[in-house]
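Some structures to go through are shown next.
Next come two complexes built around chain A: one with chain B, the other with chain C.
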Partner chain A sequence: MRAPARHSSTLMIGLALAALLVVAAAAADWLAPADPYQVDIGHVMEPPSAAHPFGTDYLGRDVLSRVIYGGRISLAIGVIAVIISGLVGTLVGALAGYLGGWVDEVLMRLTDIVFAFPTALFALAVMAVFENPTVAKIFIVLGLVGWAGIARLVRSEVMSIKERDYITAARAVGVSPLRIVVVHVLPNTVGTLSVALTLGVAGNILTEAWLSFLGLGAQPPLPSWGAMITEGQFYLTSRPWACVFPGLAILLTVLGFNMLGDGLRDVLDPRLKKSL
Partner chain B sequence: MEPLVEASDLSKTFAAGGFFRSRYGQAFRAVERVSLAVYPGETLALVGESGCGKSTTGRLLLGLLEPSGGRVCFQGRDLSTLGRAGLRSLRRRMQMIFQDPYGSLNPRFTVGRTLAEPLRLHLGLSGSELSGRVARLLETVGLSPSDEGRYPHQFSGGQRQRVAIARAVAVSPDFVVADEPVSALDLSVQGQIIRLLTELKKSLGMAMLFISHDLSVVRSLADRVAVMYAGRVVELAPAGRLFAGPEHPYTRLLLDSVLEAAPGKKSEHRAPEAPPDNTYPATAGGCGFHGRCPLADPGCLAGIPELSECYPEHWVACRCIHSI
Partner chain C sequence: MLFFLLRRILSLLPVLWGIATLVFVLMYVIPGDPARMMAGQHADEQTLELLREQMGLDRPVWQRYLGYLASLARGDLGYSFRQRRPVSRVIFERFPATVKLALAAVLIALVFGICAGVLAAAKHGRFLDYGVMVMSLLGISTPVFWLGLMLIVVFSVWLGWLPVGGYGEHGALRYLVLPAVSLSAISTGYFARITRSSLLEVLRTDYILAARTRGLPERRILFRHALRNAAMPLVTVIGTNLAGLLGGAVATETVFAWPGIGRAIYDAILVRDLPVVEGGVIFLAFIFVAANLVIDLVYAWIDPRVRLSGAAGKGAGG
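Let's look at the complex of A and B:
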């Protein structure tokens, strides 16, 4: 058995980083030293200083304020998209796993198709269908792409759980199939699911960043971290702060949610739970 | 007397897994033309080695598996004609106890919730009536009513099995299938659980199919014993008769294997090691036991022996044993 201290430190660091993001996003109005949209042509691409701790960007906007407000976008996209993909994925996975047979076959081939479809191409298609991309569309894109992984995971969990004796016992007692799935099977997938959803938040934030970097996500002047890197990329060698700070924000956030997910996985490990 | 549960010509064949089908294109005949009857209030023990189809037979009798052939009747009603809803309402009358008390209780349910489920479902109980019933059930199986809020992992194996037994008897069923209910437990706990089952059976008057590979356990509580080998019932007799005078060579072997624990005495019926023949279609015809049988001769390959009555109430499927 591994040392319990290690699990909790992974979990704690992850929790701290995620909490930092949540607090920063919630308290952005108080924390940000300046208006993230305030253009100041007299002070473009200024290096970090007391007035602008992270410097200013090519329009003279305060980078620190934009990074703090950018957290709102990243967090909102990460969490809302994960809720969408979690709901769709759980439904599809539970149906496929519990019913099996042709239902399983059809749903899993559908999942394979979604998996095989390049996210960028899908995003491009969605953005093209609806004019002027908004944040809401990114939710839809990420939610509709992300459910496939959740569905596979839930399916395999459900398939293994439905063979357990307590499910047969529930059938022997006379519990209806719907109630078995909802009351007996799904609650037992919560551990795995919470890990997958946390990792999904990290994945979604990363995907939003590169979609925005490619111009497929949040549009100017929204302070999305990915979009900020795009805007700063021409000055990367001479004046890197406009790129480096949003990049660091992405790094720490994704790292934080990944560590949170890994930490949760260790804590929710059934072998450990048995000894509790 | 009318049988409570009756299986006629019951078969269950499991198809070989998809990926391996091309290589090992054979199905597994878990249960092959089994006919059994359980009478109200009696304990019928089903014994045999692992993989002989006893658990599958138990699940078929409860309608938890669909038979590939034959049928199961509960008080004369064919389970396959009842439909899903009809079968579910019949679950009040027949219940099951599982081998592994660690696997048969939902780890996320408190004991109280596990026990409340059948009561709410079949008796429509709720509120204080429900909690009173749960408390009494816990007392019946030797647990404390205060255990109601605890989770399965907070109990020992024996206590968990008591919970599982409480769930099975919650709705006072007429028929219970106990699938190796003590073989996962410590020897000291086994006796307690057997005693509990015996008491409950007496007080509730329920019939039981007791599945076990352990003949010493069976001896203490069975009224009749059916011995299975390779998916077939090879001997069926009242318990006293079977233990005193086993007829089928496989039953004798089983009984000897129990006695082998006694020092000094060497068994005369040494079986050559050969796996039971469960493949379908059968690779070799004839009696499934001939590969291990000390009495086997070429004639045993000619056909599969049917059960025939060698003494009153004593049935055996072996061509070397003569019927009355």
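Let's look at the complex of A and C:
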């Protein structure tokens, strides 16, 4: 019903924003005008200027450089957590969907339980226990709480695919179940999966920013966007820029991955549109 | 209906048990001695021994686990060593403020989200539609706490219209506006998107076409016939959105110094008062699960098909 041109424009803007983040993170050493850890007590909380386009923070560090390096943390956490939940979810979903029977029953009950968890709150409960939250702990925790939706998706895809004639044919000529799943079934789920994973990256980056803001994410002096906003919060009323720019970075990044996911969904499978 | 209700409640028990067990595992693996945390660094060994015995720390893990589940079932969420009172007291005290904030946010999100979604669907493919789509995308992509801070800068610092934070003397409405608006942003975005897409779906069906051919006015078709059927997916999304809302409440209450459970959790994080953090999370998780039960029931009430098949809002996949 909708014009194809609009689908691709969502996809393109999303792709551009995501690419911008990837390039900034990869080339941070060349792009950042200053050392993100370089303290300069003589120039604290300065407004944006030619020397410091985004101003300086409460320790005189260059905010632009910290925002650029912060992209590395957000991207790493967003992507690695999604890979973990993607692997766990695919494994659980494929096993449940292909084997069926009691395996399906047990795995899906487990998935229902995890799916009913308020994910972010659960991540908070786990991170609060650690004396020293690290980036690695965050992506493991986020990865391990985020797989239930993916398991459901993969399961329903696998169940619909395994009834098709070419799978029955493969089974008839004696191809092993493992090979059928890996070579013939899973590749067909890539479309659906890529949408879910892309939206997952956006969600993870948002949750990480929230955790860091609460002091449970990457610890100082690491330039995590959420933590930068916490640090700038004390100067909010008189010098808001230390909060404004890291927040804009989060917004644009999450927007980028959301648009990329939406665009992929529209292009790959218009039927999926209504399931958010 | 009664059978359906019972089955839904029973199916929630494993979820509650799962949440409770995970929190127990977390509390059990914490490095450090709860008795020492309570008595302080300089307590002598005899006092510590007595405390451990009284707190049941000398019992085997499974006994402690069963005791923990039993006390949880009685509504006992543990003891805050920092505040020297039961966690349930802290939660009970803070609960009204969180309910007030969450309800206000849901209300704002429903009103604005549905209105925006209907407008977008009615003006499908035109400028207004794109405007709503862009705004809702921005809404679901903005970090709640940052939006709160930006609203403070604009409406409290620059314009001076609304207070920076706090609860107000008698819970004045002025104090509620900014926290509720910033907390509602993500849900508003989702509600607008789901309303729009399900309306568009319904507007394509045969009976709407039939209504059009009979020459019914467009407005009547939209509100009388289409919106009622488009409401179904919306009800489901309200439930899944609550998790985000409760998580967002922790950030929003922190930003606006709103004296709710979220702020209590944040304050507890700062001083590593773990019983309050974990008790607060368990409580919010239970609220989330209970709210989803209510939503499932509403869903079954609107749509008898759900009741009969038993597959409510979030049935397994497929």
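For the reader, a short list of remarks on this structure follows.
Going forward, the second predicted complex is superposed on the first by the 251 of 276 C-alpha atoms of A that agree within 3 Å, B and C clash if a C-alpha of one lies under 4 Å from a C-alpha of the other, contacts with A are read in each partner's own complex, and residues count from 1 in each chain.
In this text, contacts are C-beta pairs under 8 Å (C-beta built on N, C-alpha and C of every residue); 3 or more make two chains touch, one makes a residue touch a chain.
In this text the structure is predicted, and so the values were computed from the model without any measurement.
Touch criterion met: A:Pro187 reaches chain B, while chain C stays clear of it. Shared-chain residue A:Thr237: touches chain C; no touch with chain B.
Within the superposed three-chain model, A:Ala170 lies in touch with chain B and out of touch with chain C [touch as defined at top].
Counting residues of chain A touched by each partner, chain B versus chain C, the larger count belongs to C. In the superposition on chain A, A:Ala209 contacts chain C only, with no contact to chain B. By the touch criterion defined above, A:Ala50 reaches neither chain B nor chain C.
Legend: residue contacts after superposition of the two complexes on their common chain; A:Val126 is shown touching chain C, with no touch to chain B. Applying the stated touch rule to the two superposed structures, the overlap between the chain B and chain C interfaces on chain A comprises residues 273-274, 276. Residue ranges on chain A touching chain C, taken from their complex, read 1-3, 108-109, 111-122, 124-126, 128-129, 131, 152-153, 155-156, 159-160, 202, 206, 209-210, 213-216, 226, 229, 233, 236-237, 240, 243-244, 247, 250-251, 254-255, 258-259, 262, 273-274, 276.
Note for the complex: chain C touches chain A at residues 11-12, 14-15, 18-19, 22-23, 26-27, 29-31, 125, 137-138, 140-146, 149-150, 152-153, 157, 164, 190, 193-194, 197-198, 200-201, 204, 233, 237, 242-244, 246-247, 250-251, 254-255, 265-266, 269-270, 274, 277-278, 281-282, 284-285, 288-289, 292, 314, 316-318.
Chain contact summary for the complex, chain B toward chain A: residues 59, 62, 64, 88-89, 91-92, 95-96, 98-100, 103-108, 117-118, 121-122, 153, 164, 167.
Partner chain B is touched in their complex by these residues of chain A: 164-166, 168-176, 184, 187-188, 273-274, 276.
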